[in-house]
């Protein structure tokens, strides 16, 4: 029996729902020795900024229980280099490309959007990374954050009709509230949940195990939280959702599909299993065969809510 | 060399910083076969409500990566039963008791506070559980939540001068903002981080693995997030903090002490290692000996901030 | 005064496959073998470290001085990791936990109805106390205990397999009903452990024929000692903890 | 065209303690032993499941057809779990990763300066290519490799221990400076791997005496293939990835 993994997101049709989470799959061919990237439904790039960024000092990563902290700092060679050296590679590869963008200002968001709007042959969608310096700069408080998010999103929408996903994390504030706003401002979908802010201390030095006090927590540890937000956003808004957060095997991936995720972005798992993406893809296919599921759309969003049993409180 | 583990919290002096997280150590002597509870610095009770609560339907728990989800639903026999059957046990035991309380209304919070105010011989402090039906009832939105938190806290403060800790979780909103408010309303300290809301799906039934859609995520998985909030609250307000969130060994405990935690509440770890509390206590003592730390106050809050290196963004 | 509890790092003596699905694990302990009653269980840390994070509960299968045996089916992650442990490995085990099956039944004749992972405690019981019938229901021959593990049982052992690959084809409750119908139900006392649907069917039959009995009501567990309230069972006097108030409950007390 | 990469479930052939601190682990692989250069490394999943979660990088220590050896010090959780693996266990290993030490040095004489976990790749190098000196610095005799592991090395092997329990007392840079002072520095080429403070001291000496060289600059790693940007090294042409652009960097390129 053949399983139809085709995944449709508005105008965009992908051969399967497996993609890679921004910043976890290199800039071009780092995983070429392990994965035939052409088998992926789409590729999400490391976040691109207008100017090159050196990122944070070392150490930038440390391991935690079922996960890791990272404070890379959006290191990237900037827009020009990306267009000159990376775009041609992806054009040749022929996999639908989703470019992750972040600006230090609304203008930069606009500029990035405008630039990629002119590359629709390669770039099929944008992931607007709102967990970025502009929004998260130290001392940017609640209200101000909301403003900047709105400005960034408007700036992007003003410059392109490319499919655009806002990537938000619970660290930005109330996820449902923010999702509602950015969708109202024209975003086509939401990407969840990026990382949770966490910390780890070295007993010897009595300081952070990475060069910043905090890092982004990723990996299986955050999966239950990611799954919950994906479900909530899907339920509330019925818009396309790119899910990332601890997806490390077919079981995880299937859980995200069942609560409605459209795209599954494999992140930290790539570091542990370079072939995680394809292993998960195969696992999904095998499950569908076993369960006689002809097409993913029969599985996606098939979650059975628990209903209002019990006395409310979840603790 | 003798290490002085004495922990002072305002008027309260405890022989060590180790306590148990609410709801993870039974109602009285469940762990008596494994732990001599008199060795603990303090005991925090399961949350007590005015009326008895049956809690949530089964299943209530499931395992996740380095943690578990729980939806117990504050099952407890209510205030009267607690006073009649539990208080005498703790009076006999002679360990400083911190009673966790939750109301379905501000009035109930007040009633609970008033009642325990009259038992200062046994009850040394209150932990005001704000992650509770009253505050978290389905459909209670952001603003309304803040109001109810304020009302609950005021009601408590109005009825007792007992040392009172507000137990808040990131699920309630902006932790620093809420902490600031409840402290302004007279709380003596903060208890962090309770659990993060999470979800797990059973592929067979396509519904939640517990009887509610969401459960509280606890265990090592959330430790980096807990550590970060404890550090932030401590840094911002310099008030007493009860830390809970994945503390499972001496390394974890020491990290929380270094960022400033006053009390270390061991939770889920008790389920895995019934003697976790005493093992951690010993581990802290051994570390202090090795490092020639005479008193915990020399260690507590000794964290070396990373400073503003790098380019800001933590992703 | 509660019976003394232990949490030990026990040395694994053997861990071998006994059939298509089950492993028998034996470990050394001077304490965990003392005053054990069938129906009680152990809470086992199947791995060092945090994967899996929680312990797993397993019934006592057999005890002898200094030696404890459990019998387990590889169902998921924890049990498959456990099945990889080798002789000489150390295993953290706490117990003895929970209540036990009624041992002395007076004039009543004992019928044991076992299914799936409920077989071990009932075999333990049948080896220790006079038993009229031991009824075992499994999916197929693959899950059936080898004769060698049953030879100490002094009872009529009858088996059913759902696929008919061994013994009677169908559900174990077929055998039970036949016995209750053909003989004097009031002379029997039923003790059962296994999948919930099976136990529910058994209890329904028991009520139909007016037979008393008790069931070991297994729920997934976290603490195993009554502290987390994660393993509740509905009884006529409210919710009870399977780990601390059970796992064995009287039919007449269970609210299904 | 990149050299072919592999990610295999390799069979563990041996894993034995070679001294107070180090274990030698050998596994079978038909692929991971091909065209290996000293300085390259493997990324090893030390355990099944998620504890620990990330892989751990280890230098190639020795290769022969179908067989690969690594030599590791038990430093923390991952390496202690690895030290518990037994012959016959399976281990997920990916590689070969990273660049390598320069093999042919023309007229220059090779001085290897090794410390701590930097010893294995340099012993590998000294076994393969003519080497004048192999200088090894350790804390004490306990970390020193047994003679048996050094017998294939064709070079003058000089050791220092910080506590003087073997060889010269003090830091390995003492020996290096003596050699550079007494002989013609310009004739030498230094290759070093070990703790950062040691390598920094070595580079400082090299600059002082105008000697060229290269260092294997180890950073904690996540992906090991250049994808995560977690292992950056400061060089005069900006940040480079230890795992993909390194781990071996020329002294003159490193910005300390």
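To keep things simple, chains are lettered A, B, C and D as they appear, and every chain counts its residues starting from 1.
To be clear about the criterion, a contact is a pair of C-beta atoms (placed from the backbone, for glycine too) under 8 Å apart; a residue touches a chain by one contact, two chains touch by 3 or more.
Note that the structure is a prediction, hence the values are computed from the model and not measured.
**Student:** Compare the CA centroid of subunit A with every other chain's and tell me the farthest one.
**Tutor:** Farthest from subunit A by mean C-alpha position: C.
**Student:** If you average the CA atoms of subunit A and of subunit C, how far apart do the two points sit, in angstrom?
**Tutor:** That pair's centroid distance is 46 Å.
**Student:** Need the CA-centroid distance for the pair subunit B / subunit C, whole Å please.
**Tutor:** 36
**Student:** Just how far, in Å, is the C-alpha centre of subunit B from the one of subunit A?
**Tutor:** Centres of subunit A and subunit B (C-alpha means) sit 32 Å apart.
**Student:** Residues of subunit D that touch two or more other chains: which are they?
**Tutor:** Within subunit D, the residues that touch at least two other chains are 50-52.
**Student:** Which positions in subunit B touch two or more other chains at once?
**Tutor:** 23, 54-55, 64-67, 70, 72, 219-220
**Student:** Treating touching as the only link between chains, describe the layout with one word: line, ring, star, complete or other.
**Tutor:** Complete.
**Student:** In their complex, what parts of subunit B are in touch with subunit D?
**Tutor:** 65-66
**Student:** Quick check on the complex: what are the subunit D residues that touch subunit A?
**Tutor:** 2, 4-5, 7, 45, 50-55, 92, 94, 219-220, 222-233, 238-239, 244
**Student:** Under the stated contact criterion, what part of subunit A meets subunit D in this complex?
**Tutor:** 23-26, 29-34, 54-55, 58-68, 70, 72, 75, 219-220, 248, 268, 270-275
**Student:** Quick one: which bits of subunit B touch subunit A in the complex? Just the residue numbers, please.
**Tutor:** Counting only subunit B, the residues touching subunit A are 23, 47, 53-57, 64-67, 69-74, 129, 131-133, 136-138, 142, 170, 173-174, 177, 194-201, 203, 205-208, 210-217, 219-225, 227-228, 231, 246, 251, 254-255, 258-259, 287, 302-306, 308-315.
**Student:** Using the touch definition from the top, list the residues of subunit C that touch subunit D in their complex.
**Tutor:** 47, 49-52, 81, 86
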